[in-house]
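Below, each structure is written out as structure tokens.
Consider the two complexes below, in which subunit A is the common component and subunit B and subunit C are the respective partners.
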Partner chain A sequence: MLLRIVRSSFVNQKKAMAVMIVAVAVGTAIASSLISLSLDITSKVSKELRAFGANIKVEPRLQGIAEVAGQRRYLRSEDLLKIKTIFWRHNILGFVPFLYTIEPSTGHTVIGTWYRKSIKVPGEREPFVTGASEVMPWWQIKGRWPESENEVLLGRELSSRLNLRRGDRVELFGRDFRVSGILSTGSKEDDAFVLPLEVLQKLSGLNGKISEVYVSALTTPMDDFAYKDPEKMSPREYEKWYCTGYVTSIAKQIEEVMRGSRARPIWPVAETEGKVLKRLGLLIYLLSAVSVISAALGVSTTMIMSLLRRTRQVALMKAIGADRLNTVLIFLTEALIVGFLGGLTGYLLSLLISKYIGVEVFGTPLRQRAILFPLSLGASVLIAVLGAYLPIRKALAIRPALILKGE
Partner chain B sequence: MRMKKGSWLNYFVFKNIKLRKGRFFIAISAVMLTVAVLTAFVVLSTGIREKMSRELQSYGANMIVTTLTGLPLKEDVTKRIVSNPLVRGFKAHIYGTLTIRGQELEVIGVRKKDFKGVRLEGSFPEGGNQVIVGVKLAEALGIKKGQSLKEEKRGVTFRVSGIFERGSKADTAIVMDLATAREFFGIKGFSALLLNVDTRYISRFTSELKRDFPSLKITTVKQVALAEEKLLKKIELLMVVVSLVVVFSAAITMGSTVGANIIERMEEIGLMKALGARASEVGRFFLYEAMLSGIIGSLLGTLAGVAIAEAVSRTAFNSFVGVEIFWLPLLICLGVVIAVAATLLPVRRATSMRPSSILRGEG
Partner chain C sequence: MSIIEVQSLRKDYSTAAALRGVDLVIEKGQWVSIIGPSGSGKTTLLNIIGGLDHPTDGKVFVKGTDINALSEDELSVFRRENIGFVFQQSHLIPYLDATENVMLAQYFHSLPDRKEAEEALKRVGLGHRLTHRPSQLSGGEQQRVCIARALINNPSILLADEPTGNLDRTNTRNVLELLRRLHQEEHFTVVMVTHDPYVTEWAERVIKMEDGRIITDESVSG
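Moving on, here comes the complex of A and B:
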């Protein structure tokens, strides 16, 4: 009996039911995809923020005033790989070593670095690709990165000062080089020759030595706890600090693996990152909250509109002798079905929407969280049932004759 | 027997609203809700660039202006540069050197409010003879907070009021207050101007500056400028995409509310037709009603939407967001159009049906 009545109401009132299901589905879809977005936004944007460059700089520890002016100490190339072995190794997105030297006869600066280097990390199957192309995406090369041992890259400013162009010959460290391209970076490389690190190490006799390393790491935004001095922390606090991906704790871990080094956060980058993430995250949370509330309200208004009509049906049922329980059951079953169908379609739609948002904006889909499936289904059924229950209760309290008369 | 045209319409529309206050109220709420969400998203999307670029300023300047001659920038030149509306923010620096323990050390003079993106242990130098020292220099020299430094050339003693860490070249320098540095080095004007220029127009700004002041050396900090523009574009895109999705769904939900109202009133339409009303008259009756709820709902909705946007901006960015007024009438129109369309489509269908089949419930 119950099922028959419910079925007939779906068959006979296709349009009304369809409208309700559509409303529930759209509401669920929007709520669920915006929740996905707000859960994923910080990790997506923090990757984007890495475009601002490295957030940790590793240098040799200085001793004595004379070392402030000139380079006397170096880090070691062989320690570079160890950066990918620290506790937070998966958060290390890239690093670039630099070696600064002066060409003895002309006094020009010659910089050795990696542009795009594939290195084998112990314990990882995939090689790790790193270098300036990954960490400093604003580098522009007209021409190409040196491919053989007698090619060199020339900084933009130096090239106009020396009046050298791509393809020209130049002598460095007593050897003949061909300019393979012009580099423009907006900082000190503009005024220098740039060579692959290993080539320069051999030429200058600084084998295995590097001047500094820039590291780009995904970090947890600094909070009040992170600003405490690690040396004054209790052992438990220290452990918590060490095992959280703050820029300071990652720097500390790098310092531990690179001998004679001092690793420091690049504060303008590190601090802005935290601030931007906090603000943007908050913005998206709030917007999602607004959309979720409006979706819920929107679905409710549709439900209420549709169910006002039910008042009359309830009255009729009561008049022909249906008991209270039966009447309520009929409408609740109907609402359950609407909520379930709407919720299911809505959830499936939200998969598409969050994929669209992710791919369109960040190039990768948003992470799908399994918890959203039961959540969105539950919420849509709840709203549908609530939206049904309230008008029914009202209808049940009224005398049938009055309603049927249309008052 | 027919009433004068129009008068019965008004009579019905208002009587209907009066009789069904609840339903009219729900229709208005649905429109208002949609328009409010729409407005909030539009206001925030258009304001986001300005808000975020202010946050991004702490990455540092995206343009550095000095002179080709190495002489300080004159005060009137600086004033003209920073008063350009494309300049979003600026810092002024004074450079010099101090001789300490036989070594020439770099000095940067800067205003307290411009000294950002730095970890400072101690306090920013105040008054004549205080300085703060970069952490690398301090470590190399063994300088601690509270110590004194003797400048050997001029025989002045400075007190170290703090140690700072920035993670850049500045860590091997000494920083003093701009006014102190100016007096100490006898510089009028500034050594360098660090600007935050609207990244969209950075090349136009550069060429204008070069034309007006040929003696200036202008360097774009590519790292900041490019990354900033890229990020801002991405955030704008995010807002647009999310707005589109939300607006689309809000329009559907609103349409379904209004549509449900009509579906539920099919019988009424049937009755009206059975009593001899023409399709166009029935249509007009519902049109007026839809327009009324559309206009009231949209007006309230834009107000609510602006309020929501301001509340969000206040919470997320600690400042209000500017509202571009020309959007508001557009949004109101959109609200009315959706309300009318969602009403007229089902009404059109209903009026084309035979009254008897509607009244029998075959909608």
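Moving on, here comes the complex of A and C:
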């Protein structure tokens, strides 16, 4: 009988029901798309933020004390590949090693690095492309990266000081080099000669040695737990911390594979990312809540209108024995059906919206997760039930004696 | 044996008093007509007896229960267990057919039983209108459906508020004859509000109200 009553409501109020289903569908679609976005936003935005450069710096441990003792310490080139073997290896987007030396006769700084290097990572089908072009995308070269052992890149400031231009010749480590391009980075490379890492290692007699490595990694935004001192964590906490992609735990794992290294987050970059992601997350949840509330208001208004048209029927049902539960059941069942139908439509709509958001904003579609279906249905039922709350209260407040008075 | 007992009943609205101290005892199985002009308080009295309205003051005992002490849900249970309502307008759910309208009262009471509902309609002479919707029935037929619905759960009291108010004389007589037959067969108590003297002729007792008070209370010999 309940279903008969509810079915009749739908059949006799097609327009009102359609309006409610559309309201639920739109609210669900927006909320689901935003939630879908929030699930992917960390990796998507983090990837975008990698344009700001590396977020982890790796350098030799105890470098300062060793230098005081006159023993400069180095990291080893052979350990570089191990960065792509850590637990969070898939989050390592790129790394770039640097070797700093002084040209003995002129006193100029000479830097060795990778500009664009393709590395074969064990277990990976595709080669891993890394270097300054990936990690420091703002580097600008007028000319080109050295292609032979006799070519060198010249920093912008040093070039103007030495009055050297592209194609000019210069002597380094007793060998003749041709300037293949002028490098502009806004950093110490502007005042140095830059050579391919392996070339400088050979010239300077520092085979297999590097001074520091900059790593660009996708990370989980830092939260309160992430700032805890790992040394003081319980084994369970430590495991949770280690297995979460915090910049600190990734740095720790890099330290473990690079002998004699100390890996530290570059805090301004890491913290900015964390803040941006946190605020974006908050914004998304607020917008989701607003869309859910707006849809619920739409449902509520339409359902109240529908109730006004059925006041007499509700009053009659109460007069012939319908109690509060009977009354609530009628409207709640209607709301649940509206929620279910709106949820299905909203879910399908959210697939289109999230695809659009992904492609338009991030260049790739957002990942479609299985959890989104139950989530959409949950959101739609929530919208419908929230929307039904006021009408149900109004229905419960109907006094049959006033409504059924003979006219 | 009394089935309804009303003591010093008052009902005040913001603008006027509808009942000004009504005392009344109705015996089980009686057919009582309450007559009076518009605004005399007869419908208010009926609604309060049926638990559809609350008095400002006074007590109403139905089958020994002080119904003003009941919660809304308890009143709903009380109504569906003890009272059958028939209103002036044949309040039927427009999208349900005659049988389903009767089954609605069964649904709120216990379990709908189509056969039983159809039997009830046959008893009121609507065996040929079982699947007709209210809009396909005449005024008299609609009121018969309301009577079948009111009696489907075997209530001990039938409260009727101007049940023939919208019917012509022929249909009025048909409905009253039907009610008399059922009343004789099932022995329920009838309290019927009317302003039509013809309707009061069918009652065993006529109570006349004016200005929120009972002014006469007479038994009518059969």
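Note that the second predicted complex is superposed on the first by the 259 of 407 C-alpha atoms of A that agree within 3 Å, B and C clash if a C-alpha of one lies under 4 Å from a C-alpha of the other, contacts with A are read in each partner's own complex, and residues count from 1 in each chain.
As a convention for this text, a residue touches a chain if its C-beta (ideal position, glycine included) is under 8 Å from a C-beta of that chain, and two chains touch if they have at least 3 such contacts.
Not measured: the values here are computed from a predicted model.
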Contacts of A:317 with subunit B and subunit C, given as first, second, both or neither: second
Per-residue contact with subunit A, leading partner among subunit C and subunit B: B
Which of subunit B and subunit C A:8 touches, first, second, both or neither: second
Partner chain(s) touched by A:129 [first = subunit B, second = subunit C, both, neither]: neither
Contacts of A:352 with subunit B and subunit C, given as first, second, both or neither: neither
Partner chain(s) touched by A:326 [first = subunit B, second = subunit C, both, neither]: second
Partner chain in contact with A:243 - subunit B first, subunit C second, else both or neither: neither
Touched partner set for A:371, first subunit B, second subunit C, both or neither: neither
Partner chain in contact with A:272 - subunit B first, subunit C second, else both or neither: first
Residues of subunit A contacting subunit B in one complex and subunit C in the other: 12
Subunit B residues touching subunit A - in the complex, by the definition given at the top: 22-23, 26-27, 29-30, 33-34, 36-37, 40-41, 44, 48, 51-52, 55-56, 58-60, 101, 103-105, 116-119, 135-137, 139-141, 165-168, 171-172, 219-228, 230-231, 234-235, 237-238, 241-242, 245-246, 249-250, 252-254, 256-257, 259-261, 263-264, 308, 312, 315-317, 361, 363
Of all residues in subunit A, those that touch subunit B in their complex: 12-13, 15-16, 19-20, 22-23, 26-27, 29-30, 33-34, 37, 45, 48-49, 51-53, 56-57, 59, 61-69, 136-138, 140, 184-187, 262, 264-272, 275-276, 279-280, 282-284, 286-287, 290-291, 294-295, 297-299, 301-302, 304-306, 308-309, 353, 356-357, 360-362
Interface residues, subunit C side, partner subunit A - complex: 43, 47, 50, 52-53, 72-73, 76-77, 79-80, 85, 87-89, 91-96, 100, 103-105, 107-109, 112, 149-150, 153, 161-162, 165
Subunit C contact footprint on subunit A (complex, rising order): 1-2, 4-5, 8, 11-12, 312-313, 316-326, 399-401, 404-407
